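Please see the structure below; I have some questions.
Chain lettering (A, B, C and D) follows the sequence in which the chains are written, and residue indices restart at 1 in each chain.
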Amino acid sequence: MRRVLLLLALVPALLLPQGSYAQNAQRRIDVSGRWFVNFDFHGTPVTFSLVLMQEGDKLTGNLQEIKLEGGLQGNSINFLAKSEDATFDCKGIVQGNTISGTLTYANAANLEPPSTHPFTATLVPQRTSAAPQRHEFVPTVFYRQFSAANKPVLTVSPGDTIHTTTVDAGGSDEKGITRSLGGNPQTGPFYIETAGPGDTLVVHLTRIRLNRGWAISDDALVGRALDSELAVKMKDGGKPVRWHLDTQRGIATPEKPLEHLTRYTVPLLPMLGCVAVAPDSMQAAPPTGDSGPWGGNMDFNEIVEGATVYLPISVPGALLYVGDGHAVQGDGELNGNALETSMDVEFTVDVIPGKRIIGPRVESATEIMAMGLGGSMDDAFRAATSSMAQWLTEDYELTPSEVAQVLGTAAQYKVSEVADRDAGIVLKIKKELVQPLVPAAK
Amino acid sequence: MRRVLLLLALVPALLLPQGSYAQNAQRRIDVSGRWFVNFDFHGTPVTFSLVLMQEGDKLTGNLQEIKLEGGLQGNSINFLAKSEDATFDCKGIVQGNTISGTLTYANAANLEPPSTHPFTATLVPQRTSAAPQRHEFVPTVFYRQFSAANKPVLTVSPGDTIHTTTVDAGGSDEKGITRSLGGNPQTGPFYIETAGPGDTLVVHLTRIRLNRGWAISDDALVGRALDSELAVKMKDGGKPVRWHLDTQRGIATPEKPLEHLTRYTVPLLPMLGCVAVAPDSMQAAPPTGDSGPWGGNMDFNEIVEGATVYLPISVPGALLYVGDGHAVQGDGELNGNALETSMDVEFTVDVIPGKRIIGPRVESATEIMAMGLGGSMDDAFRAATSSMAQWLTEDYELTPSEVAQVLGTAAQYKVSEVADRDAGIVLKIKKELVQPLVPAAK
Amino acid sequence: MRRVLLLLALVPALLLPQGSYAQNAQRRIDVSGRWFVNFDFHGTPVTFSLVLMQEGDKLTGNLQEIKLEGGLQGNSINFLAKSEDATFDCKGIVQGNTISGTLTYANAANLEPPSTHPFTATLVPQRTSAAPQRHEFVPTVFYRQFSAANKPVLTVSPGDTIHTTTVDAGGSDEKGITRSLGGNPQTGPFYIETAGPGDTLVVHLTRIRLNRGWAISDDALVGRALDSELAVKMKDGGKPVRWHLDTQRGIATPEKPLEHLTRYTVPLLPMLGCVAVAPDSMQAAPPTGDSGPWGGNMDFNEIVEGATVYLPISVPGALLYVGDGHAVQGDGELNGNALETSMDVEFTVDVIPGKRIIGPRVESATEIMAMGLGGSMDDAFRAATSSMAQWLTEDYELTPSEVAQVLGTAAQYKVSEVADRDAGIVLKIKKELVQPLVPAAK
Amino acid sequence: MRRVLLLLALVPALLLPQGSYAQNAQRRIDVSGRWFVNFDFHGTPVTFSLVLMQEGDKLTGNLQEIKLEGGLQGNSINFLAKSEDATFDCKGIVQGNTISGTLTYANAANLEPPSTHPFTATLVPQRTSAAPQRHEFVPTVFYRQFSAANKPVLTVSPGDTIHTTTVDAGGSDEKGITRSLGGNPQTGPFYIETAGPGDTLVVHLTRIRLNRGWAISDDALVGRALDSELAVKMKDGGKPVRWHLDTQRGIATPEKPLEHLTRYTVPLLPMLGCVAVAPDSMQAAPPTGDSGPWGGNMDFNEIVEGATVYLPISVPGALLYVGDGHAVQGDGELNGNALETSMDVEFTVDVIPGKRIIGPRVESATEIMAMGLGGSMDDAFRAATSSMAQWLTEDYELTPSEVAQVLGTAAQYKVSEVADRDAGIVLKIKKELVQPLVPAAK
């Protein structure tokens, strides 16, 4: 079954208090702003997003998706957040940028008796207007799970740029040295200041360049691509194939081409197979071969230099991971492996506070793209359509009838990935078609 | 179940006798050449392809896929075609370009007793070297099934060009007059001389132009595109939407745009939703909303002016149908209807004798494309991959390992159709990548 | 695309006039009752269901799903049926049980200009109270399409019983004589008096018995059952296997069992692979290997002696077809062929007027079963769930929440068919669970 | 991509040395037997299975699936295991039941340079003939991942019986006290002595009984069950429903039944939603809502008292988890939640050394059952078929043709699960059909 009792599935768009996000240095304590509330629920670490708005002694705001009311007396704070499903009764003491206290959770349906848990809340720092920084980061550890529990390797601010490298899917670096067991070991996680659950992370990929002259692939076709007849023909596939990457000429060629491929060359188009944020800590950390709303091993060959990736944030700091560089990849990553290689990458991060998207989005100079992921291509296709419908509804303010008319005339679907547990389908729309629809106020 | 006892599923590549396709006017009868054998099998009309090669009194060749041996005495002919599954024993009298006689069918496994059937065979005319003709054809009847039983509206030769019109999916012509019940009524069928089972039909689309200023669509999204959440949002869809087609400016706009679509325009890209040949007469004739290896309602928005469509032929004359013009169509035909309109079309037909492909292929100036059709997108995806693997294997002589390497680096998949019973996925490869692989002899 | 302009997709439950279904022998003409309206729509024969209720000179009722209003003057009749999508304006002359006149169809959205068509309507006879009859029927023709155009072989009344035989899927009869090309040739169609579009046909299978001692099957596994690994293992399958049917001992055994199957026996459980009604005449007639809401080649191994099959009727007389007997069939019909054999069958037919179901239903002594059909198992699964939800909603008057609770605790799903174009999944519920929920009034 | 460089996907059936599994107490060291080799591969803990057979100074055997050769000099051991893909060169010192040394891994294709890693190997104890024990185990910690890293809560021997309890899917125990965050918290893991990678775990469920009088469910239908129409009808679902469990009468009823369900009762059939072993440590630990070859959240309503579950073991000790009790569950677990409740469970464990199965198997008194899991029902269906084909091939020694004939006549498929990421389909065969086929030697 799927029953998870702490009923807090989704954090919707937040209404943030205007202009008073940090604690004021006034005489009276002002707790207005956004906080991360951490507590332990019978052994599982949980982080909630808390938005408080203070007027005099009265508090309003939200705990995750739930409206709250409460008050402040001296440095004693209390509030009650009550939804159809659950009630959270919080009491605590404010000390600087920290609140300590207890949270009592009661299931509205009285399915179980209430339980009380100590919590600590910390104020989320406001975004600063300081000049963006560029960080050089040399990775020394490579993670194999997109985990909220991995210690951030670097903390940066929105607007900052990170320059770093990634090892290949098998764990080998630019010198061919094995640095990790394979399975898409990642560089990161990077902690982005001010980012929290309910926000969207923006990753501008400013540089994705090869940093070695070879890549590894193979000659199998993945099972998902094979009907029974082709399966029989392809039964002997699976041998490793080493490719030469010629950055001068911008092409890849098999190092030892078979008879009919001696004239085969394919243009280099370096891309990142993985861009991810950490899912929330209540979930098991996914392996770096998996994908989900949080991105991950999307293996989409338009996540290239110049593209922007948007991901929904579930944990404080977003925890950004990158890895799994491909020198070239056909749609679907049919060999299971693309031309796997290490990579020299640079990206600028940003945060859109209070904007929650339901799945990965990608933007190029000319197109907006919504990615659908699912256990079958049909499910992935529906997810992509649903995600783009959300995009058109929220950012372009289209009604359902209008969404249908635009999709019917402008939709372009391509297959991104069939080699992993999730298949991926991407729904693209040319910007020139929807640009005229942008609401005046935006 | 699926049991069809007459075991003649596929006609493989034929080895045709060189240069003696027609009957010689010599003293001695020469039956060398290709014949269509027609007989009635307990109420079902059946057409077989027969290739005879005569040396003296001895006959060799093939009946469908099966090797035959036989002889000729005066104008008496007899031959036996025997496969693992079945035996066909034929006896007849040759009179000019006709053979009349009896065919005795015996199931090799003795599942049933043998049965004997009168047959008539007619010699397939040889391809002439006459100059190609251009035919003006004004349709008066529109068929709603891709049937082998519909009488050809025109007979043309390979190399000929046909200029005609199509009504829209709802049956309305360029003047808006209803000419047929809807459901993609077709112009055709056109009989192509020399074409027969086991050949490939080539349709060069030289002209696909609008011939009226409006199109009909709607504002629904088809069920296959909806997850449960989007289904709820889209529940009120389905109203017809009339579009203005501005051929001057090359754009389409809703005639009465809703509030947020007043600035929405989309470039015209006229295409044919249907290009088909008739399936063999042993099968029920499919409705013109269906698709299959024989093409049909493929709704692929790259079947445009300039494209070439290849279809496997199953009946004498191929019986080509065209229809279902779209002024514009997003990938997948998400509204169920694209911008449905009548069309002015012109195409040149050709036949590749003895080449059998397993599904529709499309070629543009820059790409080769194999279409997969299936009950799910996953099945369509596998079919597209399998069809392109055949293409690379047969036309480029690649081994399975080589096929895998090319597909892994060069495959591009797009969704063609999700609005009909079959979903469609198209696997495309840039010609510039595979052109260097063309075998020297080709 | 899918555009069929004559917008008459579904005939909903009809409200039939009480007790005056036939024409009264009064002085004044009374047209109250149900009529079948036949006309030709640009080459396509169309049949509509018309229900008229007369009060004085005023007429109310329905044309297909659309409410109508009209009047009668002498023997001149006129009425207008107007929906959101279309208007039908009918004028005619009543003569006995026939109305002749013209029908003018206008698309509400003015997509095309109106068109006028001559029609003939015939009064549907009322159900008689005569004693049910038993008909012996010896088939001489076997159809390979579930067509509305095939001439009925026998006309019977609701409540009547038909005793007949079916040939096997390959066309062979009880003596092993080939009577038709294979592909599930059918016995029928049987015309059921009073039955018309919008009704439900009930087929009680009172006898399904073997009438010969052998069956044909094979040793392949169909593609839908094969992952890539199993495809390789099964690559040599496809040889015919002849089975001995021992009705004395009630078992089947391979006639020449392979080494490890010498002790293999399987109990006989004779079933019908096909039970169908004809789809409406606007659709292409499906091949007898296909399935749909109208039933067809369902290959469900619980369609056995004692079971009742329910099918939604689309044409006058329902046009019932039966065929494709299996001596034994595992779930899914994995070999493509089950143990195919001829059969001795008897069934009693009935009609539920005005009850429209969305797909095939089956009932046994202990279970109710809703069949879902679709291009993938996932689609078939959804269709089965949707069909059972309709059943629980309409016959048991359950709300959506109640439907969910019953399905969550009582649903049993089995795979019926994977060997044909549609996969089939059946949702079963034990009668003992839902029997207590039957509304008091029923 | 999916590239994991340490090429050791599957451990095949092992040929274990006969009768000398433990170290002999002879003068000369004898290392014959089975060892677990632990090492760290760039941060990832890896466990390999090592089988050594000693003759004089010479060693043969297997490291995982790879044949090895080596020797022993005094207490110095060395061996080389070499496959097509990789070479492992091991050197070490034997001390009692431990070997310490270094393992050098080289990729055969020279994809990366070789790397050397310290290892420790420990001898696997031989199975003792001691009388089986019964263990009372009271759980205090509940895990939410099927992890190889969780410390075993109890170590038992093959043949032993464990009596314990499980909390419900939401983490509540028999008294309704919340003991864990929800999401199927598990009791375990239990370490089974002698069990290791390449073996099969056998879990005889001897007792699955309710230990409280209520369960929680809801009134939603999961998305996978909804077509667009049913999605709209079910849009308001999702409210919790509390059920009364009456163990006296053996039935469940809603505590506050809605209007039409006041007479609805459903028989109790307590089952375990989760039975799992830990996947190998190179994989990320799956959440307890997921399933795989290692079992997990299978939600199959025939995993009941009296059933036996077979799972392929990937780690030393197998690490058995159990949880997610359901008082009643319809096929598919359509509500997402079944009747979720705590449970009193008892089971006897056993190990089949050297037998590797490809997925979960279940056995009842009357049936053998192979479970298929996959991202779509179609994939799950293929997996179930493939798994049963393996079963028939290995245990019944059937050829592919024979497998096809048995499946075609004996297969029964049911849907186990549609509520989680993997769908599940179970292929069942009646034991009475295949029992006569058991090879004489078995």
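Keep in mind that, in the parts below, a contact is a pair of C-beta atoms (placed from the backbone, for glycine too) under 8 Å apart; a residue touches a chain by one contact, two chains touch by 3 or more.
This one's a predicted model, so the numbers in the text were calculated from it and none came from an experiment.
Looking at chain A and chain B, the chains in contact with each of them are C, D.
Counted by C-beta pairs in contact, the busier of C-D and A-D is C-D. With every chain reduced to the mean of its CA atoms, the largest distance from chain C is reached by A.
If each chain is reduced to the centroid of its CA atoms, chain B and chain D end up 50 Å from each other.
Averaged C-alpha coordinates put the centre of chain A at 31 Å from the centre of chain D.
Distance between chain C and chain D, defined via averaged C-alpha coordinates, is recorded as 45 Å.
Across the assembly, chain B contributes residues 226-227, 229, 234, 333, 337-338, 376, 378-379, 423 that each touch 2 or more other chains. Residues 223, 226-229, 231-232, 234-235, 376, 378 of chain D are the ones touching chain B in the complex. Contact residues on chain A toward chain D in their complex (touch as defined above): 1-6, 41-44, 46, 109, 111-113, 115, 141-142, 144-145, 168-172, 176-184, 216, 240, 242, 273, 282-290, 297, 299, 324, 326, 333, 336-338, 340, 374-376, 378-379, 419-423.
Of all residues in chain A, only 217-221, 224-227, 229-230, 233-234, 236-237, 239, 241, 252, 254, 258-261, 263-266, 328-335, 337-339, 376-379, 381-383, 385-386, 389, 396-415, 418, 423, 425, 433, 436-437, 439 touch chain B in the complex they form.
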